[in-house]
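Reading through the structure tokens given below for one structure.
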Amino acid sequence: MFMHNKRLQYTVRVSEPNPALGSLLLEQFGGPDGELAAAMRYFTQGIAEEDAGRKDMLLDIATEELSHLEVIGSIVAMLNKGAKGSLSEASLEEADLYMSLNAGGDSHTQSILYGGGPALTNSSGVPWTAAYVDSRGDPTCDLRSNIAAESRAKIIYERLINITDDPGIKDALGFLMTREVAHQKSFEKALYSIQDNFPPGKLPGLSAYANLYVNTSQGEGDTTGPWNSGEQWERMDDIEGNLPLDGGDGLASVQLGEQEMKDYTAMTARLASDPDASPTTGADLGAGPGAGKLSDEDQGGASDMDEAKAMARAQTPEVEER
Amino acid sequence: MFMHNKRLQYTVRVSEPNPALGSLLLEQFGGPDGELAAAMRYFTQGIAEEDAGRKDMLLDIATEELSHLEVIGSIVAMLNKGAKGSLSEASLEEADLYMSLNAGGDSHTQSILYGGGPALTNSSGVPWTAAYVDSRGDPTCDLRSNIAAESRAKIIYERLINITDDPGIKDALGFLMTREVAHQKSFEKALYSIQDNFPPGKLPGLSAYANLYVNTSQGEGDTTGPWNSGEQWERMDDIEGNLPLDGGDGLASVQLGEQEMKDYTAMTARLASDPDASPTTGADLGAGPGAGKLSDEDQGGASDMDEAKAMARAQTPEVEER
Amino acid sequence: MFMHNKRLQYTVRVSEPNPALGSLLLEQFGGPDGELAAAMRYFTQGIAEEDAGRKDMLLDIATEELSHLEVIGSIVAMLNKGAKGSLSEASLEEADLYMSLNAGGDSHTQSILYGGGPALTNSSGVPWTAAYVDSRGDPTCDLRSNIAAESRAKIIYERLINITDDPGIKDALGFLMTREVAHQKSFEKALYSIQDNFPPGKLPGLSAYANLYVNTSQGEGDTTGPWNSGEQWERMDDIEGNLPLDGGDGLASVQLGEQEMKDYTAMTARLASDPDASPTTGADLGAGPGAGKLSDEDQGGASDMDEAKAMARAQTPEVEER
Amino acid sequence: MFMHNKRLQYTVRVSEPNPALGSLLLEQFGGPDGELAAAMRYFTQGIAEEDAGRKDMLLDIATEELSHLEVIGSIVAMLNKGAKGSLSEASLEEADLYMSLNAGGDSHTQSILYGGGPALTNSSGVPWTAAYVDSRGDPTCDLRSNIAAESRAKIIYERLINITDDPGIKDALGFLMTREVAHQKSFEKALYSIQDNFPPGKLPGLSAYANLYVNTSQGEGDTTGPWNSGEQWERMDDIEGNLPLDGGDGLASVQLGEQEMKDYTAMTARLASDPDASPTTGADLGAGPGAGKLSDEDQGGASDMDEAKAMARAQTPEVEER
Amino acid sequence: MFMHNKRLQYTVRVSEPNPALGSLLLEQFGGPDGELAAAMRYFTQGIAEEDAGRKDMLLDIATEELSHLEVIGSIVAMLNKGAKGSLSEASLEEADLYMSLNAGGDSHTQSILYGGGPALTNSSGVPWTAAYVDSRGDPTCDLRSNIAAESRAKIIYERLINITDDPGIKDALGFLMTREVAHQKSFEKALYSIQDNFPPGKLPGLSAYANLYVNTSQGEGDTTGPWNSGEQWERMDDIEGNLPLDGGDGLASVQLGEQEMKDYTAMTARLASDPDASPTTGADLGAGPGAGKLSDEDQGGASDMDEAKAMARAQTPEVEER
Amino acid sequence: MFMHNKRLQYTVRVSEPNPALGSLLLEQFGGPDGELAAAMRYFTQGIAEEDAGRKDMLLDIATEELSHLEVIGSIVAMLNKGAKGSLSEASLEEADLYMSLNAGGDSHTQSILYGGGPALTNSSGVPWTAAYVDSRGDPTCDLRSNIAAESRAKIIYERLINITDDPGIKDALGFLMTREVAHQKSFEKALYSIQDNFPPGKLPGLSAYANLYVNTSQGEGDTTGPWNSGEQWERMDDIEGNLPLDGGDGLASVQLGEQEMKDYTAMTARLASDPDASPTTGADLGAGPGAGKLSDEDQGGASDMDEAKAMARAQTPEVEER
């Protein structure tokens, strides 16, 4: 069970409101590498985990990430405190309020739709989605995903620190960034405490293909490195000459039953495109005789509506010159 | 800051694994009215709230909803415990494992993609999205949204209780359902502790339109009730006769600058559809002479590819009769 | 069946084009509390409703919301009329057109992708999703959701009115805002015309938990109010001392069959993280000897590539100094 | 199988970095009419296609669209080359980096989240979704969808060309735009090489309704044209007089079994809204005595909290005047 | 403005409830080619359209599609009438209700989440998204998109007709299918009433690339047809020999300023992967000595935790054998 | 530039159609760890990469993943070959076709919507989204993400192999699975060829927090392991006693300007919830006198509509007993 203390894990001191900065910081509130994603990744793993040690670690870190969600959300809330009041009380002229909404980021949506509260979106206003959570129920995969996720969160915090000159915010972001480093270390330790963690799963892979590097991108710029050469690798450069790798015909095939075959043949015959046809097409009809067009002759299409008539139609009551 | 105790708020006793039931229960884990949605709705409101009493209440309830997320997630994890092991260890024949994946709900995805861990999706596998969270930063709106959300969560739990005969699960679901009722009561109390909470906001509305009921759906089945008749209502039945309500021309208009007008006219002329044309169209070309077709004459199109040739083309090496 | 008259329900008079304002107004066209969401919420409820009175009311209001969708969409279309023509006809210099796209909001996407037509997105360009529609097929829930939705729509219109100084737009927005107030009243009347509408559904809830307030968020700032104290409430402050609420062990458990147990044990053994290990990890490998790094010693990893070589590699033909 | 040459299909020469322009160009990288959508539309059709000619054509064009994805992505990468380095190395003051992120479009997210790499989003930061891909497994539909998609891609490129004055980018966009024209022509030829391609499918449609034009939008502005008049059309203006078109009662009905009928009746009775009620509602409670409010009398609600107390509560330690 | 008559455009007579069939029919309610998508496509085009004829046509058809949304939604509502009552009133045993939810399609979600009302999802429960709406504000594109959309909707109806043996539903689906045919015809007529409708837009395309067919997919199965040969085409088979098409170097390049160059070089040097390194990796650490693993030697990693200890850890109190 | 050969990288031999299995295999076509996600992850990194070696490697592997997308898509297409023909040609009775759609997975949507072509969805029909792609433009993050993604893809293939007994499919899946292992090895080598790759980025982290393990989840089940104890760790068990970690007050604060302060105070006063109120609420109104309800007295609400009237209202013409 969760409990809460109204003190934050880290004190938040914001010098002055700045909703545009607030909307950028949302990246770590409701963005793909933000604190909700982190908390939910570890929480969903933790409640399904059987290993007592990992379960405890996952719940520890999930709980701390929720606390970080609270810290980053509180920063955003403080940055929006001014805009929230002025829009709510309509204390400024309309034009001034309008201007204040276009100061940067997607802060316009933060004010109008979310009323200055921190929204679970990224810095472009994209709502958080559980598609960001890549828990797969196997610890040798999940711990690698966690390691990667912590490394991504670290770099996003670093970028946010680089654009912030409010010392209180910078300080809190530095704390949050550092905790991602510590968490990555925990996940690394847990992964390498599993014997034979590579490759994941029980199936060993087919030996013929496990050490093969297929050089599918060729031309100038082809290189070698430890990722494709050395004693752990067998390298294949002649792609087409080795197609397919299994020595078969390289086709996809299926065996159909009698009725299936009949249906298949009927459908295919009905829908065949005749390779010997030379049909007039909709594009042919549409490519009129106008200058700069691709086709040289008028193949029909619209009758020759004259310009005056066309312009007359254009002057609906909708628009007038000011 | 959040803290956690590894005991659940409510004990979970599952009689036996049942991944299909587990996939239905996901509705309250990662569905639109599930516990994550509840927790995030109150949490985002709580950290932006200025009223000390509401802030405390919102954080209390958000924290409890996270604890409920843990309870419902633990039920799902228990229901998947058998499937997780058998798929992971491949202890059954392929055909048996395959059959076990098609027992109902969207449990196939739960096993293959999520490996038996509770996923933040609804019962159709739709990933949770922050689009479910309707916090708007005004308490007279947000508390109404919370009241509505609790009522929805209550009914979903009731439906799940109605389909579950495992007594331990039924018991825990009953607890979770009841807590939604208690939370709804809290939010009601907080709403009605705000003076003048209706209508929301500061602007009072235009008196001409605030008590008007527009009977836009007519014909047999037209009724009256307290929602459209009585002393609080003025009712309008003659829609077209009162169009538009403001007494204007009912059109949309804008004033354009000189260059804008020029561009507008040019664009409109260039793209006019001639109402007097009688063009041959792509559909005309395509509506061949075949039986059961809409058009009576062959307007060209593909040349007359004969059946034998079409069938020959159909017999690609891809398919063969078994 | 729906019918349409080309007059709007309310006349739209826009003083001059302003695509950035148009993109903000999209919040009520394709945003979560916009007119499409309203129309679809009531329409989906209406066609499944059995109560004749509510069905009629829901279809009345759904139809009016579609008419409001037309009004707000027409405002946006007018605000985009200038930009649409100039981009379509390319009548300005590229740099001027480019500048015009960055005037605020997400109007850049409105012009480039949607060509100046009103798009079913919110003010950040997020496409409308039916995840916004929370119809649940129970009127005591759905009417509460409708009440909440109307209150939210009202406040969004108020915010938009506060930022608009074009009198024609302000007037139309005032009309639309007021109608939300009237609709909220109708839904309130319909809800309270249902006897025993609280709690929703048939199941009454467990009496032990229905009046309990769990004070999960503690520390400074703890408050009382009618939402957690008074005769309707029993309050619990000692969370851990009452864990779990049911008096059990607070664990999640499931009974497995024999084969399930075997698989479970095998899987768990195979994937255990050894708590007594002290493994070298990928992070240990990667934490090199550089200044400002966390680890004090070089644990291997990359060979000592010298700076000159690294810089040489950096100068690909891609970039050159200007 | 795919192969790759590190040369692009078209050379990309960018004069200078401009991340804001880069974020607009993303429309054709990860937007709905962008190159990934094109490639995936044709690729999914190609691998399921039975007609040898169309299969080859679809794979040809899919492969070329992937190559175009590489060209447009490379332009975006070049436009971000400067911002990427300066944010990564933090070589500028925070305030300068912050300013550089708000230069237009959604370039703030491109820098912070995606680190200057081209992201599979549109120009508003909306992630690409396979919902854009409308392959349906019938060539008479799919080819029409392809034709339409190519026409849309063409117009988006034209708009981007109109806002770009960098000659190298303009040149490459011109190439990409032109290829869409060529691809549209191919798809047109393939469609019209299918005999009897209209209407799609085998079922001919009901003759009573296939040539009927229902004039559902009436009032001023009603027009005729070849789309609703002429020998191919029968036109219906009296909508309500012809309701329903089939001559039935225009209702929806279903026959229920005995138990179903019993449940239905019980549910409906339980949840009826009494049309003769005159209930007090939540809104009645909430509409206080304040000026400008809709209701004239205080129906209770919050007790009369005095202003001083309210203001005292408002001054939490969170905010202080600077 | 919209108005509504409670009669449907077409009478709906359903023989008996069948929620699984209902969930399949949702494809045309809330699926990508369903009636909401159709209505919104034409409605968004109609309110931004300047051509009086097309505007009228678009609003006519949009209004009719809304009426079709009502017809298909009413069918779904009728098919769910039995399940809705039995789940709401809990009149069956839990096990029977549970079974009834797993009868096919995604009807489980329809009952639990949506309570038997028609939901704006497709047949897999995916919520409708405005990403389906491809209006672009240019009629030569939009009309093509409409033509394609109608053809897709026609084929989906045909498939649904093929799987339905309830005569009342089959009849109504036949009506709806036929109307798509009629609408396609209208859009075709409107398109071909625009002079010079191909290619879309004002820019003609570069003549060097407009008639070129690039044979990017080669090998067995290469074909010719009117889509790549004949007088309208120039065909290119030697891809790599013509790379890039413009005669340049086929690279992407950008010119950087002095500081940009410095940052770029620093970043690149800092992050270079040394091609001459032979690093030990995390995978090397993790590939233990176990049978069936890829690597032959123990490179460290976790200490040698023995099996008994691992099994002891696995027997947490969570699971017990039944 | 990409090129293509119509031979697959690996021959696909499917014994017989099975659309339900096909829908499960979609997990690796359009699921989060599927081949499109892999291809797009490496492709977006590759085109923005400056290191020549990594760029080459990323494009090599991206190209191979596209080829794998083709292999897995071809398997799915073969599995659907029978269903596609029979639904297209309607060769079976409706009831038989209907039954065939409910054989498992989400194959119903595959047939009805996608017509038997492989769709870019996962096994629950969720459309692929670029939210799955976690490229961040820093190689020390991106390579870790790639390593994790390959490990996830490996395990999904293993699960699919475990449920498939068609030898041809099993063979091809084994190939695809093995290639993920090889790719993971390449990414590992590339990561560890970067000197000082941990922590990512330039900022080193705050030493006070980098080695701290915060034991936020306590109670029974607390464990130690290398992830939270040993010489690399400092462990904190007393959470509340150390709140906040920075020694401040643990609050969030901001300094407001004079007008901002005025607005803030006005808003807060206006919207205060009076903690001393004892308001009657909507729930109080709605909790009628019925049995099993929470509240003991009738507080008004609906008038006492008698049962007969309610039942009369319930028997609309919509339903009749059969």
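Letters are used for the chains, namely A, B, C, D, E and F, taken in the order the chains are written, and counting of residues starts over at 1 for each.
To be clear about the criterion, a residue touches a chain if its C-beta (ideal position, glycine included) is under 8 Å from a C-beta of that chain, and two chains touch if they have at least 3 such contacts.
By chain, UniProt protein names: A, B, C, D, E, F = Mn-containing catalase.
Given the structure is predicted, the values throughout are model-derived calculations rather than measurements.
Participant: According to the touch definition, list the chains common to the neighbour sets of subunit E (Mn-containing catalase) and subunit F (Mn-containing catalase).
Facilitator: A, B, C, D
Participant: Farthest from subunit B (Mn-containing catalase) in C-alpha centre terms, which chain would that be?
Facilitator: Farthest by centroid: A.
Participant: Most remote chain relative to subunit E (Mn-containing catalase), going by C-alpha centroids?
Facilitator: C
Participant: For the sequence-identical pair subunit A (Mn-containing catalase) and subunit D (Mn-containing catalase), determine the rotation angle of the Cα superposition and round it to the nearest 5 degrees.
Facilitator: 120
Participant: Please identify which of A-C, B-C or A-B repeats the interface of E-F; the criterion is that more than half of the contact pairs agree.
Facilitator: Duplicate interface of E-F: A-C.
Participant: Averaging over Cα atoms per chain, report the distance between subunit C (Mn-containing catalase) and subunit D (Mn-containing catalase) in Å.
Facilitator: 17
Participant: From the C-alpha centre of subunit D (Mn-containing catalase) to that of subunit E (Mn-containing catalase), how far is it in Å?
Facilitator: Computed value for the inter-centroid distance: 11 Å.
Participant: Which subunit A (Mn-containing catalase) residues touch at least two other chains?
Facilitator: 1-9, 15-16, 32-33, 47, 50-53, 56, 59-60, 62-64, 67, 74, 77-78, 81, 84, 88-90, 106, 113, 115, 121, 124-127, 129, 131, 136, 138, 140, 147, 155-156, 181, 184-185, 189-195, 198-199, 202-203, 205, 210-211, 216-217, 219, 221-227, 240, 243-244, 249-257, 264, 267-268, 270, 272-283, 285, 294, 301-302, 305, 313-314, 318-319, 322, in rising order.
Participant: Going by the contact rule at the top, pick out the subunit D (Mn-containing catalase) residues touching subunit E (Mn-containing catalase) in the complex.
Facilitator: Interface residues on subunit D (Mn-containing catalase), with respect to subunit E (Mn-containing catalase): 5, 7-17, 32-33, 52-53, 55-57, 59-64, 67, 74-75, 77-79, 81-82, 84-86, 88-89, 91-92, 126, 129, 131-132, 134, 136, 138, 140-141, 144-145, 147-149, 151-152, 154-156, 158, 161, 171, 174-175, 177-179, 181-182, 184-187, 189-190, 193, 198-203, 205-206, 208-217, 221-228, 232, 240, 243-257, 259-260, 262-264, 266-267, 270.
Participant: Considering the complex alone, what residue numbers of subunit A (Mn-containing catalase) touch subunit D (Mn-containing catalase)?
Facilitator: Interface residues on subunit A (Mn-containing catalase), with respect to subunit D (Mn-containing catalase): 15-16, 20-21, 24, 27, 31-33, 78, 81, 103-106, 122-126, 155-156, 159-160, 162-165, 170, 216-222, 239-240, 243-244, 250, 252, 264, 267-268, 270-275, 277, 279-284, 294.
Participant: Looking at the complex, which residues from subunit D (Mn-containing catalase) come into contact with subunit B (Mn-containing catalase)?
Facilitator: 50-53, 140, 191-199, 202-205, 207, 210-211, 219, 223-227, 230, 240, 243, 273-279, 282-283, 285-290, 292-295, 300-302, 304-305, 313-314, 316, 318
Participant: What part of subunit C (Mn-containing catalase) is in contact with subunit E (Mn-containing catalase) in the complex they form?
Facilitator: 1-9, 30, 36, 40, 43-45, 47-48, 56, 59-60, 62-64, 66-67, 69-70, 73-74, 77, 80, 84, 88-90, 113-121, 127-131, 133, 135-138, 202, 249, 251-258, 261, 264-265, 268-270, 272-274, 276-282, 285, 300-303, 305, 307, 309-311, 313-315, 317-322
Participant: What residues on subunit D (Mn-containing catalase) touch subunit A (Mn-containing catalase), complex-wise?
Facilitator: 1-7, 47, 50-51, 53-54, 87, 90, 93-95, 97-98, 101-102, 106, 108-109, 111-113, 115, 121, 124-127, 138-140, 147, 181, 184-185, 188-195, 202, 318-319, 322
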